[in-house]
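Some structures to go through are shown next.
You will see two complexes here that share subunit A, one where it goes with subunit B and one where it goes with subunit C.
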Partner chain A sequence: MSKPEKKMHEPLIHLVKRDAIPWYQAWAVRIIAVLAALIFSGIITIILTGLNPLEVYQKMFEGAFGTDRRIWNLFQNVAILLCISLAVTPAFKMRFWNIGAEGQVLIGGLASTACMILLGNKLSQPVLLLVIVVTSIAAGAVWALLPAIFKAYWNTNETLFTLMMNYIAIQLVSYFVFVWSVPKGSGKIGIINGDTQAGWLPVLGDQKYLLNILIVLVITIAMYVYLRFSKQGYEISVVGESENTARYIGINVKKVVIRTMLISGAICGLAGMLLVSGTDHSITRDTAGGRGFTAIMVSWLAKFNPLYMVLTAFLIVFLEKGASEISTAFRLNDSFSEIITGIIIFFIIGSEFFINYAIRFRKIRKGGKAQ
Partner chain B sequence: MITAFIQRAVMQGIPLLYGSTGEIITEKSGHLNLGIPGIMYVGGISGVIGAFAYENACTSAGHGMNGALAILIPFLSCLLGSLLMGLIYCFLTVTLRANQNVTGLALTTFGVGFGNFFGGSLIKLTGSELPSITLTKTSDFFRTSLPFAKNLGWFGQVFLSYGFLAYLAVAISIAAAIFLSRTRKGLHLRAVGENPATADAAGINVERYKYLSTCIGSMIAGLGGLYYVMDYANGIWSNDAFGDRGWLAIALVIFAVWKPGIAILGSFLFGGLYIVHNYIPNLDFSKQELFKMAPYLVTILVLVIISMRKKRENQPPQHLGLNYFREER
Partner chain C sequence: MAANAAIELKNITKTFGHVCANHNVSLKVNRGEILSILGENGSGKTTLMNMIAGIYFPDSGSIFIDGKEVVIASPKDAFQYKIGMIHQHFKLVDVFTATENIVLGLEEKYDVKNASAKVKEISEKYGFEIDPDKKIYEMSVSEKQTVEIIKVLYRGADILILDEPTAVLTPQETQKLFAVLRRMRDDGKAIIIITHKLHEVLSLSDQVAVLRKGEYIGTVKTAETNETLLTEMMVGKKISLNITRDEPKHPEDRLVVEDITCMNRDGATILDHVSFTARSGEILGIAGIAGSGQRELLEAIAGLQHIDSGSILYHNPKTKQTDNLRDKTPLQIRALGVRLSFVPEDRLGMGLVGNMDIVDNMMLRSYRRGKTMFLQRKPPKDLAETIIRQLEVVTPSVSTPVRRLSGGNVQKVLVGREIAAVPTVLMAAYPVRGLDINSSYTIYNLLNEQKKNGVAVIFVGEDLDVLIELCDRIMVIGSGCVTGVVDGRTATKEEIGLLMTKSVHEDMEGGADHVKTGEKNA
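The block that comes next holds the complex of A and B.
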């Protein structure tokens, strides 16, 4: 028996795309998401460890801001993560999924390492630093250029290509770590040029990370201006919104793709230089430490806006530092921080839905026929 | 020595095969699940938790372990764990339409952390000095192979010497290949991945297909983690031991041009490439690192070649990585 009413069936809920909602509402949603995530992680913490979550969050603050050294450390980590996030941003705005930042950073770091080891005693410090900066930027750019060329001319899937390039970079670094290991065959490079400090970034004042932070600050502002006010930045947005539109209004899409990826890779290479020459003065296969992947989340959470990215990078690093302090303070496993970070990112990702879509419930009809 | 090499290569390949078969089924629905490495970790540790609980229960009750239960409990808990991961991914990307790459990467962060956290906590519970969990008894059940395999010389070693999970992996891949190319539901699934709007217009329930394929894909991938711990690693869980195999499984998907049948052979090839440096005499450590690059180089080569030849049957699903919202057309 097919009833005619059945054709009138209307789903209980349906979704509508929203117009842009005011920024304060959007941020209210995001803040609620972070709070919900913290409450949820608190519950998880109690279940898993039986600890009082308030105490745990207090420890998190101590871990991040407890001492001067920790604060500087925090800012240094924010700077590096921010730098890599800025690097991937132009590519993402163009909808070019560069998930190869990890490899581009490592290869930039490897280039700095090579300069420091091979040219350390041959060039004067300013010349050496210049060579280091140029080669590491070039190395990162080349690593990004390859997938870009193939994307532009043959439409090769860039997500998969850049992902594979990461592991090639990691293995190359492992190879050279063995080749240059000190002492021979130990598989570790150790501090390079520890006595002469050749190729180390200079220390400003007495804060050894200050220069890194300033460099990243400059890049942040430059990237904001580039994306927001330059013609090239506009072209990137158009290509990202619609490739066909871009072609129609006479933008050379191939050129934009390749140029943008060169910029992306170059900044990644610079980040590698900041890590090797400005921070660690050494390299291992974990020097990038997954930041290339975290940066993608940072950039996306900030809606590709370099200024918001300062906040999101800060949030992520704060979580990591705080959670690792929890692990040591309560003698938990280190990986607890990854669980918490994952949960919070899930919540923020989920909250974007409520910013972009509105949920409409079925209206109750007169006479109460429909429920 | 060659038979030993092939045997090790197959054992290395099986986790990759599980991972890539799961990922192929997922990608056919248009979802690029970069959470596979995390899902495989969760699959592994869920199995370990199940096995750990059962072994401890048996020890404290003072009776021996039942073979069927010793296999079934870790197996089911592995499926449950990876299913939950798949559901998180689906809920965020299908229902909440979140970005797939970001969700996938977050899932990997979460999954690897989850695995290592519980790995570490269980180690603490056992109170042992070693930084690993040893579940030898359960592992023995998983590693039971045909009793007469040893008597058959090289043939037995190459083809019959594995635990049942290895054969299950091949069986699942063959079943997936048949499902995708020979059944109506498989056709529908591929339609969803190629062009969800058209599939929707043809009356296919796009969301249901996306949910089902991603969740089933995750469960299959999770078994790869279980195989690694219980069979390959002899029941020993140590943190981060699983390494980058999850990413290698994603590479294998490309190498196999999204065909589970090719993935079977590809996984053994990748397994061989993964360990070949151990079998080349006089190779120093540094050169070994270069050899480990091989699977990734081969994958890039395949990726470039298929995109240059533009053969339609070898392309990635057209809507791979893109979300579908009906009202956006």
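The block that comes next holds the complex of A and C.
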């Protein structure tokens, strides 16, 4: 079967891990990726729909920025997604795969809802708001604390644990939506305290979303400073990079895991509060709307840097808004916009591969084959 | 026996980048013969065997089977020539039974009854004790090894290669394995066994091939050799390195380790009643085959390894107090005022964080300084610049991730940081491994300087020439036990080599009487 003349061939293409490339080259690769994505999805558009891709892109842009209302809406969505992305970031930096942000947000939102319904007319507005903030943060933190404790002490798999906690949160929300539904048995809560506005976050100026946006802005900067300049942030990096090193320099790994997850859950809880108390004034099981999972992508794309996360969150929301606009404007079904979004994200993520690896082709040697 | 050797290697050479793993190695094994391959760690034994098994491909040289030249380009080719290798780390599927693992990957139709019967037949023939229906995860290490051996026999192998098969076995299990191997030899199989335990070589094999640093030293008949001769072949003649060594100044006991015993997670003893004293102003060398408990010993002292019994006493030169470091965390040890520095074996996985830059790595020891919750990056940055200047670290800048630096420069960063903490005890595990000559001498000089400053230096090394020239005393450990302590100024390589391969629980036939007791204390 194997003949003696069998020789080893050098493969035609092989991949070589690169050293660091300068930042401008890295960005050039990313920009080329976006352009390539636009061209490629343009071709797909023509083939599938026969529409002019430039018109399609223009509509996308309008969908996101077309009117003042749309712009505020865009920023509100960016703010919430960014907030959840910031929440998962410290856990991810520690290599703790918290995919339970969805549940942590929901449970925070549920805590806000409970306060608004049960305490709405019993406490003065400032006290009520304080209670809402504290309970929703605490609820999110507890939701994250459970898997953290199990991970720290018994090394259970945090991915499964946090994932399962999502379903518990969703079921709890369904249950309480049923219990508190208005009118009874309708299965909907509707606007809570619509008359008194008890437990609603105040509106700055006349912009409903401004306060949310400002709060997330503060969290962004705080998270950047925390991760980059604080001792705790440094400990998170060391634990994430190498648990052995952490033990070697005397970091209490259990403590860091638990503390970091508390922070992660707390910010998720806060995001839930911003959604319920800040904008929706109601809750459904879709309040988090999958953002707990999208946030993972936002955080990774930004390489866990809170400042880059502003850009990646913006990109994702822009694509979502734009895509839904083109499907209504051109009467295409939803799948088409999802195709476009998918292509663009695929190219962007793919560009990271070319930043880390170089492709080498087999050198053509004089005198034919290698040896 | 056949006229031609079962397998013969001629002038095999294999390099990995700049490292030459095997250089012009030639050896042969006849049917009905056991050949031991003897050599220290990193002498190229496993690489050589992997080439026979088709995992690596030699750069040059040729392989003959039954006198015919062959090309073994893949494990599948190796199969064709009835070569079977039993690796040091088992390659079995945990949730499958013994039989399922044995037939896994065969292209014949799977028939449980047939397969089980064949497994039974092989077991009976050679005297294996195995339950074919037992799942791998329920098996002990020696049972798993048995499955691996049956697996290659099932495939009809008649040239068997075993890579350090006894490393994971108890003495009783080793005995059983050897009985099986002898039966297979008598059945006409050719067996190659990799080991560095001399008494096993002497009790089992017919011939011994010795490798040293990738070079083939020679093959001798077991009957015509003894432990001393083999050790000499294995460690080589003494090479003079001209490392400076001053007389220790006013040595006093700094760290007294008394009778410590540690178990690993599986309950196996990794340190067995180890006692020694490290003195100030002195370099204490620790020699031994890799994996004899060196890492665990240093980690136990550093507060990273659970200790089951014994104590570690530290005599504080300032307060004149004595503290027991046992069961203390690294932070608690530091809180006692013990200035213990530790250069671990795993530089980028323990001593440093590869993805962090030099400044952040400097901060590992000192980041807790300062009252605020924020880091102070200025002092570590100054330290990084000082170390780069003084130790001539080659790096683009202080903000380069350390994994981008070459091995020597990584080590300078790590040793530099540990020394900057002004230690009273400095432990270094294989600090010159993989370093070029110049970087190695930089490290020796740094250790000597620390010794001059009155630091108790503990140096775990693998190169006996270095240990003999650098250390004041050398402690030898084997299988978790101290097998002897010798004076670095008078010790010979053979003496240390014998202590390294000596087993304290000697119950191999023929092994025990060859070993001299290591009573030469410093």
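Basically, the second predicted complex is superposed on the first by the 355 of 371 C-alpha atoms of A that agree within 3 Å, B and C clash if a C-alpha of one lies under 4 Å from a C-alpha of the other, contacts with A are read in each partner's own complex, and residues count from 1 in each chain.
Just so it is clear, a contact is a pair of C-beta atoms (placed from the backbone, for glycine too) under 8 Å apart; a residue touches a chain by one contact, two chains touch by 3 or more.
These numbers were taken from a predicted model, which means no experiment stands behind them.
J.: Have a look at where A:P202 lands relative to subunit B and subunit C in the superposition and call it first, second, both or neither.
T.: The answer is neither, since A:P202 touches no partner chain.
J.: Determine, under the contact definition given at the top, whether A:G190 touches first (subunit B), second (subunit C), both, or neither.
T.: Neither: A:G190 stays clear of subunit B and subunit C.
J.: Which partner does A:R247 contact after superposing on A: first (subunit B), second (subunit C), both, neither?
T.: So A:R247 only meets subunit C here.
J.: When both complexes are superposed, which of subunit B and subunit C contacts more residues belonging to subunit A?
T.: B
J.: Which partner does A:Q232 contact after superposing on A: first (subunit B), second (subunit C), both, neither?
T.: It touches subunit C, and subunit B stays clear.
J.: Which residues of subunit A touch subunit C in the complex?
T.: My answer: residues 1-4, 6, 8, 19-20, 229-232, 234, 237-238, 241-242, 244-245, 247-250, 252.
J.: Where on subunit A does subunit B make contact in their complex?
T.: 15-17, 48, 97, 99, 150, 154-157, 159-161, 163-168, 171-172, 174-176, 178-179, 185, 187, 290, 293-294, 296-297, 300-301, 332-339, 341-343, 345-346, 349-350, 352-353, 356-357
J.: Given the complex with subunit A, which residues does subunit B contribute to the contact?
T.: Against subunit A, the touching part of subunit B is residues 32, 34, 88, 91-92, 96-99, 101-103, 105-117, 119-121, 124, 239, 244, 247, 250-251, 254, 284-287, 289-290, 292-293, 296-297, 299-300, 303-304, 307-308, 316, 320-321, 325, 327-328.
J.: Give the list of subunit C residues in touch with subunit A in this complex.
T.: By the definition above, subunit C touches subunit A via 57, 69-71, 73-74, 76-77, 80, 302-304, 329-331, 334, 342, 344, 346, 349-356, 360, 363-365, 367-368, 373-375, 401, 404.
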